[in-house]
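In what follows, a single structure is set out as C-alpha cells and then discussed.
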Amino acid sequence: MSSKIYDFSSLTGSIDAALNSWMSPGLAVLTELVIIGLVFLIFYALLGLFLVYLERKVCAVIQNRVGPNRVGKWGLLQTIADLIKLLMKELIPIRKADHLLFVLAPFIVIIASFMAMGAVPFAKGLHVLDFNIGVFYVMAVSSLGVVGILIAGWSSNSKYPLIGAMRSGAQIVSYELSVGLSLMAIVVFSGTMSLSGIIESQADGWWIFKGHIPAFIAFIVFLIASTAEINRGPFDLAEAESELTAGFHTEYSGIKFAFFFLAEYINMFIVAALGATVFLGGWMPFHIGNWEGFNQVMDYIPSIVWFFTKTFFIIYVIMWFKWTFPRLRIDQLLTLEWKFLLPISMFNILLIAFLVLMHWHF
Amino acid sequence: MLNKQELSEIILKMVPEATFPEGTQLTEVIVPAENILALAEGLKNNKETAFDYLISLTAVDFTTNMTVVYHLDSTQFRHLIVLKVVLNDRENPLVDSVSSVWATAEFHEREVFDLFGIRFNNHPNLKRLFLEDDYGFPLRKDFRDEINIIER
Amino acid sequence: MNSISKYFSDLFKGISSLWAGMRVTGKYFVSPGQIVTQQYPENRATLKMEPRFKGEIIMPHDENNQHACTGCGICEINCPNGSIEIITDRVPNADGKLERVIDKHIFHLSMCTFCGLCVKTCPSDALAFGQEFEHAVFDRHKLTKVLNQPGSSLKKEAKK
Amino acid sequence: MSEEIIKDVIVRENEDYIINMGPQHPSTHGVLRFEVCLKGETVKYLIPHIGYIHRGIEKMCEADTYQQIIHLTDRMDYLSAHINNEAVCMVVEEAMQVEVPERVKYIRTILDELNRLASHQLWWCAFGMDLGALTAFFYGLRDREHILDIFEESFGSRLLHSFNTPGGLMHDVHPNFQKRTKEFITYFRKKLPEYDQLLTGNIIFQERVKGVGYMSREKAIAYGVTGPSARGSNLACDIRKIAPYGAYDKVQFNEILMTEGDTFARYQVRMGEMWESMKIIEQLIDNIPEGDFTAKMKPIIKLPAGEYFKRVETARGELAVYVVSDGNKTPYRMKFRSPNFSNLFVMNELAAGGKIADLVAISGSLDLVIPDIDR
C-alpha cells in the first residue's frame, strides 16, 4: 500500500552513488556530511525565521490585530529584517561574568536542537539518522538544551537570569518524565523505538486512532509536557517577562540572544515533529480502513506535505495554548507534573501494556 | 454618627486643652503637640468615636507656624474629624508619630517629613520618601530653588 | 473514594475551563471580526480627526489675512504652563491714536498640555484648536510657532 | 538629618538575595521600584521605593489658579482623569457655594462611570498580562478604544481631558454622545462575558489568584486601603454610597463587596464594578436634563479664606482634596490624598511569604498607578 508513496531514499541513494563514482568512499562520506550540514543549516535558519513569522501572525489574528505587514508582502521579510538588526547589534560583554560559559551557553542550546533535528523523518526515506533507538535519541538530545539554559543563567552573574535558570532546570527535569512516558506508550504499542519503524507501524491507521483512549491520553500528556519542556507559554516560567524581565537570557544581546530565540522555535518544531511522527503517523497519509479509492487519493499527496501539515497543526495548537492561557506559578507547575501528569501517564502505560498483551489493539 | 457637640465633649474629656474653631466645614480640633498621640489612641479605641481610618495626614506651612493636619474617618459610623497640631518652632518642628495607631500614618508622615521637614518622634523609619537627601523642604513657603522652579 | 472522585472532577473542571478560554481565542482566530489596528501612514488620506480634537492651537485667518486677536493677553495669563507669549506693538490707527496690535503671538507647542483654557477664555474667539497631530520634528525650536501669519491684521468687524 | 534617622530599619543579612523590581520592570506599570528580598522563590520582605516621577503637583498648585489646577490633576491618576478633575471642581463649587446645573451633574456622573469602565478595562488587560495571558491585554484595549473614541469626540482628547471646570464643563458634550454611549454599552455587554470565559473561569488563573495576598478587613483599614482593593476585603468604603455626589443619589447600584480578601476577590470586585458602571450609565444616559453646561462663575475664582475638604471615589479608591485658602486666587495649600499612595504600602504585608509570581499578581490586583503615588 505504501509502495505508491514516493521514496526519497531513491534520490538520496542516487546522489550517494554518483558521489562514490566520482571520488573515493572516504571523501564521498565527507562530502555528504558537508552537503547535509549545509542543507540543514539553511533549513534551520529558514524554519526559524518562518516560525517566528507564523507565531506573530497567529497571535495577531487571535488578538484582532494585523501583525507584521510593513517589510515585504504581508510582512514576510519582517523576521529577516529582525535578524539583520540582531546581527548588527553590539554583543554586550558582562563584567564579572564567566566569559567562556557565557559565550558557550547559546551554542549548547542551539547545538542540542540541531542534533535533535537529525533524527526527524521528514518524508519517506528523507531521514539523516535512522537509529533503532530514535525516540530515545531525540529525547536525550533535546533535553541537553537545559544545560545551556542553566549555564546561561549562572554565567550571566545576574539575579534574574539565575532565578530563571533554576526554574527552567526544575521544570525540564520534571517534565522530561511525562514526555518520556507518553512516548513510551506508543513504543509499547508499536514494539519499536526506531522512528521509521513507528511510522511503518501506522500504515493502517495512526496510533492516536487505533490506540484507543490510552493513546489519546498519551497524546494530550505529550502535548502539555512537551510545551513545558520547550519553555513555552503557559509554562514559560524561565523567561516569564512579567516576573523576571527576560529570564535566563536577560543579559544576552545581539546574535547570542537570537540563538536562544531561534532555539526555542526550533525546539517547538522538533517537539511538534516528534508528536506528529509518533502519534499522527509522521509522513503516513490519512487512510480509512477499506476505502480503497479514498486511500489512493490520499497517497497522491506527497509524504513531505503530510509530515509538515501534521507538524504545523501541532505547532498551531502549541501557539494556541500560549496565546490563551495565563502563566503558571512554579509550585503549581511542579504540582501539575507530579500530581496529575505523571500518575496519569504511569497508569496509562500500564493500561497500554495490558492492552497490547491481550492483543486488544488493531 | 456623632455631631460636633458630642464629639467635642468626648475630646474634651481626653484632652482638656483642646480648642474647637468655629465656622469650619468639618469638625476641627486643635490640640497641643504633646497630646496628639494620646488623643489619637483615645479616638481610635473609644467605642463611640471609633476613628479607625486615617484619610490623610498632611501639614500646612502658615509661615508663623507649622500645622499638622489629620483627617480621620470612622469605617463604622462614617463621621469625619480634623485634628490639628500647631507647631510654633519652624526651625525644628517635632511631633509625636501616630504610626503606632494607624499603620498608614507611617508613610504619610514620611511624606510630610520629606516635603516639610517636620520630624516625628518614635517613627519607625523616618526617611525621605520622594526626594533626595540633600534637597530642601519644597512645600515650606520660604523654599527657593532657582534652578528647577520658575517663579511666575 | 470521595477524594478520588474529587480528583477526577477537578481534572474535568480544569480542562473544561481551559477549553472555554481556548474557544474564545479560537473563535477570534477563525473570524477575527473587527481589526482594531490603525494602518497609520497608509490611511493618512482618509484619517479624519474629530472636529473637537485638540491637536494644536491655531489662530484662524480669513481670506483677507485677518485674524481676531487684539493682543489683550488673557490667554497668556490663563495658560498654566507659560506656553503662550504675546509681543504687542503700538501703531497709530486711522484717527492718529496709538492702538495695540499683536506683533507676534508665540505658541510653544512643546510646553502645551492642551487644557483648553486659552481657547475658552479668549474674549474675541481668536484662538481655536487645530486638527493637525503630526508634530514630530528633529529640532525642538521648530515647536515654537508664531500663530499670526506675516502681514496679517486685526479684523475690525469682529469687535462689537 | 542625623544619621540614626536615615538608617534603614531592616538590617540586611548577608545571605539575603535582593532583587530590584523596577524602576524599569514590566509588571510595575511605571517607574516604581520594589526592593525584594528573596529566599529561593519566596519573598521575605519588600520595600517600595517611590519618587521617580515626583513632579511636585502640590507645589505647582500653589502658583496656579483654580482653573489651571484642573489640568494638573489629570496627570495624577491619568486613568481616572475625569474623576480627579471633578474632585477639584466640587471642592471649589462647595467653597463658593455654587449650585451646578442638573445637566452638569448628570454628565459628570456618566463620564465618571465611563472613565471608571475604561480604567477597569485597562486594569483587566494589564492584570492578564501580568499573569502571562497576553491576549487579554489586547481584548481589553480593543474595548477600551470605544470609550476613548467617545471621549475624543466630546472633549477632543482621549486620556487627559481637562473637561471639567469649576462650575460646570468646558463645553457641552457632543450631540452624538448619548447615541454612542448607548451603542458602547450594548457592545460591551456582549464582550464582558468573554472576559470571564478567557480569564475568570480559567483554572490556571484561579490557581494563580485564589488565596494569594490575603488582606484582612482590619489590615485594609489600618493601611487606609480604599476602593475595589478594600472592597475585596469586605470594607464598605465607596464614597459614592457614603457621601453621594453628582447624580449618584439618583441611581440604583450595588456596592460590590467580597469577603475573601484575596487577589481573586479584588479581581471579582472590579469585574462586578464594570457591570454596575454600565447599570449606572444606562439609568442616566436617557435622562440627561436640558440646561446650561456651566453655572455662572466669575472669571477669577477667589475662594473665601478657610479650609475645604472633599472626597470622591476614583477607579482606584478614595481621592480626597484638601484646600487651604487665604482668599487669593491661588490656593495657599493644596493636598491630594491619592488612593494609590495608601494602597501601595500594604504591598509588603500582602506579598511577604508568597512566591515572586504572587508578588506580580498582588501588585496587579491593587491596580497601582505610579504618577498618582508620586504626584
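Per-chain numbering from 1; labels A, B, C and D assigned in written order.
As a convention for this text, a residue touches a chain if its C-beta (ideal position, glycine included) is under 8 Å from a C-beta of that chain, and two chains touch if they have at least 3 such contacts.
All values reported here derive from a predicted model rather than from experimental measurement.
Q: Just tell me the minimum hop count from chain A to chain B, counting one hop per pair of touching chains.
A: The least step count works out to 2.
Q: Write down the chain pair with more C-beta contact pairs when A-C is set against B-D.
A: B-D
Q: Computing the C-alpha centre of each chain, which chain sits at the greatest distance from chain B?
A: Farthest from chain B by mean C-alpha position: A.
Q: Can you tell me which chain is nearest the middle of the complex, judged by mean CA position?
A: D
Q: Could you work out how far the Cα centre of chain A sits from that of chain C, in whole Å?
A: Centres of chain A and chain C (C-alpha means) sit 51 Å apart.
Q: Mind checking the centre-to-centre distance between chain B and chain C? Centres are C-alpha means, answer in whole Å.
A: 41
Q: From the C-alpha centre of chain C to that of chain D, how far is it in Å?
A: Taking the mean C-alpha position of each chain, the two centres sit 24 Å apart.
Q: Chain B: which residues touch two or more other chains?
A: In chain B, 152 touch at least two other chains.
Q: Of all residues in chain C, which are in touch with two or more distinct other chains?
A: 18, 21, 24-25, 36
Q: At least two other chains touched by the same residue of chain A: list those residues.
A: Where chain A meets two or more other chains at a single residue, that happens at 62-65, 323-325.
Q: Think of each chain as a node with edges to the chains it touches; is that a line, ring, star, complete or other?
A: other
Q: Just spell out which pairs of chains touch, all of them.
A: Touching chain pairs, listed by label, are A-C, A-D, B-D, C-D.
Q: Touching chain D in the complex: which residues of chain A?
A: Interface residues on the chain A side: 59, 62-65, 159-160, 163, 167, 233-234, 236-237, 240-245, 322-332.
Q: Contact residues on chain C for chain D in the complex?
A: For chain C paired with chain D, touching residues are 13-15, 17-18, 20-21, 23-25, 36, 50, 52-54, 78, 80, 113-117, 120-121, 129.
Q: Within the complex, which stretch of chain D touches chain A?
A: 17-19, 25-27, 38, 41, 128-136, 138-139, 142, 198-199, 202, 204-205, 207-208, 355-360
Q: Going by the contact rule set out above, which residues of chain A touch chain C in the complex?
A: The contact residues of chain A facing chain C are 58, 61-66, 69, 320-321, 323-325, 340.
Q: For chain B, which residues are in contact with chain D within the complex?
A: Going by the criterion above, the answer is residues 23-26, 28, 52-56, 58, 60-61, 69, 71, 75, 78, 80, 82, 102-104, 106-108, 111, 115, 119, 124-127, 129-131, 133, 138-139, 149, 151-152.
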